[in-house]
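Dropping the structures in below, format is structure tokens.
There are two complexes below, and they share subunit A, which is joined by subunit B in the first and by subunit C in the second.
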Partner chain A sequence: MVKLQINGKTVEAREGEMLLAVIKRQGIEVPTQCHHEAIEPTGNCRLCMVEITKKNWDGWKKSVTSCLYPVEEGLIVETHNDKLFEIRKTILDLQLARSPHSDYVRKMALDYGLEKSSYPVEPDGDDCIMCYACTRICEVLGKSAISPTQRGHQKVIAGPFGEAPPDCIGCLSCAHICPTDHIKWNDKGQTRTIWDKSFELIACSKCGKKTITREFADYLIEKRELPANYFEICDDCKRQETAEKIGSLVVRAREATI
Partner chain B sequence: MKIDSIRKLNKWRREIRTQQKAIKTRVLICLGPGCLAGGSDLILKEFRTILKKKKIKNISVASIKKTGCHGFCARGPLVIIEPQGIFYSKVKKIHVAEIIEKTLQRGEIIEKLLYKDPDTEKIYKEWRKIPFYARQQKIALRNVGQIDPDEITDYIANGGYSALAKILKGMKPEEVIEQVSASGLRGRGGAGFSTGRKWATCARAEDEPRYVLCNGDEGDPGAFMDRCIMEGDPHTVLEGMIICAYAVGSKEGYIYVREEYPLAVVNLQKAIDDARRFGLLGDNILGSDLCFDIEISKGGGAFVCGESSALMKSVAGEIGEPRAKYVRSVLKGLHDKPTVLNNVESYANIPVIIEKGADWFASIGTKKSAGTKAFSLAGKIRNTGLIEVPMGITLREIIYDIGGGINDNREFKAVQTGGPSGGCLPADKLDLDVDFDTLTENGSMMGSGGMVVMDDRTCMVDVSRYFLNFLVEESCGKCVPCREGLYQLHKLNEKVCKGKAGDDDLKLMENLSRTIMSSSLCGLGQSGPNPFLSTIMYFRDEYEAHVNEQKCPGGVCKDLITYRINDDCDGCMACLKVCAADAITGKKNEKHVIDEIKCDRCGACYAVCNINAIDII
Partner chain C sequence: MKYRYQVIPELCTGCRTCELACAFKFARDGKPGRSRIYPLAHAKDQYVPVVCFQCDDAACVRACMFDALRRNEETGAIDVDYERCVRCEACVAACPFGCALVDTGFDEIVKCDLCRGNPVCVKFCPESALRYVEIKD
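Moving on, here comes the complex of A and B:
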């Protein structure tokens, strides 16, 4: 265990743990955008920055992203002060210019008293805040179908060469993890569309309800070594089947006792 | 032929030297980037063609040598005749026959090709005496311009691989690190971190394997020092890396070179192939237990890939984006393993440090910045080129004594050091010592060694805009402050250039700069606002002129200037002919007039007028 000080209070943390986890455990609110428990931190949004110092640093302070900074014995951490407020406010101010239509960004900016951006707003700006949550979850799933492409302000998340990603299996993990709901998708009849790519949806052989894409099913069957017919029946029908089975067993048992 | 012992290496060196002694006269033809652009490859070909046809006593095709950059790019193409050191500048193909006939055959000097100092009118016969060279001290560049980079024998004849032999013969890895530490060598890529300390940390790391990387991703506009070392003396980079590998216990190394340096890639590859063939790379180097090999990793030309963590990702085949370095790359670098990453010039210093000793190196330069530093002089300076000077020399000495002052005898305004994220220093900082700490203290930085000189016709607001634009395009786009912050900072800077900004915009720019610097993920963003901050620190009056008076004192920002023909105009029609917008009217020998509405302010008329009859208002 490691002992450190957060906002004046001494706390304990496991070795190798990141500062942000310890801060959150204390019930302290630090804004984040790109952080998600399911994926590795990358430090894109910079909102979780805190100031650290140590007793022997002669008062020198360093701003670090708490999501990436491993705890250290004797660390003195400050999560809120004027400088950090200014950093967070400026970042949100910049995002407000880039993604003026995003409710997510607008709400966060409002917490910092920003009703409109101090910078020239891009009326056509999209809602992508470049947090990489989508590409990271795709990587965790083992597909890495999409990735950040281009540089700087031109950067976009896309498939290889800006085309429909060949490795995408239509699992929707990216769309679900996206904090700003920027990744659009839809299910129409038998077809799911995402990233300019169409997928066939599996229909439950019992009730006919559409479940997941054929590609996603094949991928899971292979990866988890599931029976080949595992996805033929939907979860609801499976549950019903099981209930019926248990029900009939109960009935049989009761009949036997009588 | 494998050189599998130090004895064999020494014997080979003696043999090469004996062979080379037989060649009395050597004609060195600079094939550095500048001279090559001037057609020096044609000069080389011409020398060889004529000498093949013509039999001349003591001179053969073997006397003709192509070399890397000799340094004095402004006077290129250069031909140097050794051992006399005769310096011919601005040589053309048509001069070759004359040089052979007069100088090589009869020993006569061709005066018109010699260098004449434009101020003193003194004519110099020997290159070492020219002021441009006289103040220099070459360590990293010691062989560049002196040897044929394709010939491993040239390198060996000049003492190459003897430092490697020295450590293999009698130095422990710790002793090598000790020497490098004691020499005071600091990273020549710009950050100035102690090279010895870096090596020591890597050697102490418990994880394996360890990697040795060379950063040849030189991307600063106007910088070409590393390029010239890689092109002109590739073996010194290899030797430096092999010594490092021995010191830290590595078996695998990579040289990261940008693909825009095709000649560097070719020359390095040739050097690697030769070194492998002779047993200087690969298993059991020089018959010792040391096994180390190097591969070239080509970069796609992203500026950010010069940043250590982005570079390592790029070498590993991933997207070249930096990561937070709270765990340093020397412990968790390439493939998350301990990695030493040094700049090309740092490695080029290593063999000399090992051979001549740490004390010798530490005695050069200043106490905290030992040794020399290579710079490329660019911009409005008379003697553009590649130089190497001891640390602690003043900016004035570099710009005036070596650089020959400002073009057309105009007034000096600023010098930009440290590349796009460096800073611009004004005239009253000319007497600053050039070393890592002094430059940083004054709002600029050493950087990798690009030096861009600006004259009084430069608008500092426009300079800031230019470099910010470069950084906006080169930002990787991963973190918000760098991607969005620099973008907005550049847009605000453009607004100033157009004369549409107010005081509050300047304040906003300053506040934004602070946040970008304190919250960006990597060095690119953290130093990104420097072009703006250093220009507003030293040239606030120019910003104020743009904001308050809608005037551009440098006469550069198009929206704020007007070209007007004054009474000196003699009606020569030169400006009228070059005007693409057809904005100039007038008859021969009569004063011309510029239509301010039609004029698109391209400046062509101003550039073409020989009698200063056009004013910028």
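Moving on, here comes the complex of A and C:
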């Protein structure tokens, strides 16, 4: 156990834990965009910045991203002050210039009193804030189908060479994790389209309800050694089947006792 | 102290009180379609309450690529960790009993978590077809 001070309160934390986890456990709200429990922290959005110091640092203070900073004995952490407010405000100001149409960014910026960006606004700017949550979740999944391509202001998240990613399995993890809902997808009839790639959705062999994509099911069957027949019918029909199976056992048991 | 959730289908009359209790507890609007327990008819007027089996080697846990489904050692149930879940619906597709569900109202994956060790359906079942019994060693 490690003892540290957060906003004047002494708290305990496990060795190797990141500062952000401890701060959140204390019920203190620090804004984050790129943070998600399922993926490794990378400190991309930099909104979770906190100020740290120690007793023997002679008053020196350091601003660090709390999602990437492991806890240390005797650390004195400040999560909200004027300097940190300005840092977060500047980040959101820049994001507002990049993604002026994103409701997510606009709402966050409004909390910092920003209605309009003070930087030259990109009028056609998309909603991607380059947090890389999508690429990291794809990595956790074991596919790494998408990645940042191009350089500088042309940088976008896309498949290799900006084409439809061959490794994508259409699981929609990236679309769901995206904080700004920038990643667009649609399910039309039997087909799902995401990243300019089309997938066939499995239709329940009994009722025709669409479940996940064939590619995703095949991936789970192979990677997690799940039987292939689990994926053939939908959850509603599987429940009915379960009821019928158990029901037949009940009936058989009743007949045996008579 | 360990408990086991028991379903005795012979005693089920299909009154659907468990479904309502569950829907009121979780969805708050009491819509039976948003329950985690389903009393389903297998023959005329014969019902089986279908609810998560909390399997030992669960397909949902295996299917989850993000470790969002984990066994709660205290209650014995498999819980969804909403901080980790990305709603890919792999568990819903994988569960062979159809007991991992999507709640369209909350846009969340839901499954029976035994109400964190205090199941409401058991309290409301008038026929004691649902029980939560202590395991004696």
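Keep this in mind: the second predicted complex is superposed on the first by the 246 of 258 C-alpha atoms of A that agree within 3 Å, B and C clash if a C-alpha of one lies under 4 Å from a C-alpha of the other, contacts with A are read in each partner's own complex, and residues count from 1 in each chain.
The criterion applied here is as follows: a contact is a pair of C-beta atoms (placed from the backbone, for glycine too) under 8 Å apart; a residue touches a chain by one contact, two chains touch by 3 or more.
Computed from a prediction, not measured in an experiment: that's the story for all the values here.
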With subunit A superposed, do subunit B and subunit C clash or fit?
fit
From the overlay on chain A, compute the angle at subunit A's CA centre subtended by subunit B and subunit C, rounding to the nearest 10 degrees.
160
Touched partner set for A:26, first subunit B, second subunit C, both or neither:
neither
With the two structures laid over each other on chain A, which partner does A:64 touch: subunit B (first), subunit C (second), both, or neither?
first
Which of subunit B and subunit C A:130 touches, first, second, both or neither
first
Is A:118 in contact with subunit B, with subunit C, with both, or with neither (first, second, both, neither)?
first
If you stack the two complexes on chain A, which partner ends up touching A:95: first (subunit B), second (subunit C), both, or neither?
first
Which superposed partner A:150 touches (first subunit B, second subunit C, both, neither):
first
Per the contact definition in the header, classify A:37: touching subunit B only (first), subunit C only (second), both, or neither.
second
Could you look at A:81 and tell me whether it touches subunit B, subunit C, both or neither (first, second, both, neither)?
neither
Quick one: smallest Cα-Cα gap between subunit B and subunit C in the superposed arrangement, Å?
22
Residues of subunit C touching subunit A in their complex?
9-10, 38, 40-43, 46-48, 50, 59, 62-63, 65-68, 81, 83-90, 92-101
Contacts from subunit A onto subunit B in the complex sit at residues 42-46, 49, 63-65, 68-70, 83, 86-87, 90-91, 94-95, 97-98, 118-120, 129-130, 132, 147-148, 150-155
Under the definition above, what is the set of subunit B residues touching subunit A in their complex?
302, 304, 319, 321, 323-324, 326-327, 472-481, 483-488, 491-492, 508, 511-512, 514-515, 518-521
Across the complex, what residues on subunit A touch subunit C?
36-38, 137, 140-142, 171-173, 176-177, 202, 211-212, 216-217, 220, 223-227, 230-231, 234-244, 246-248, 250-251, 253-254
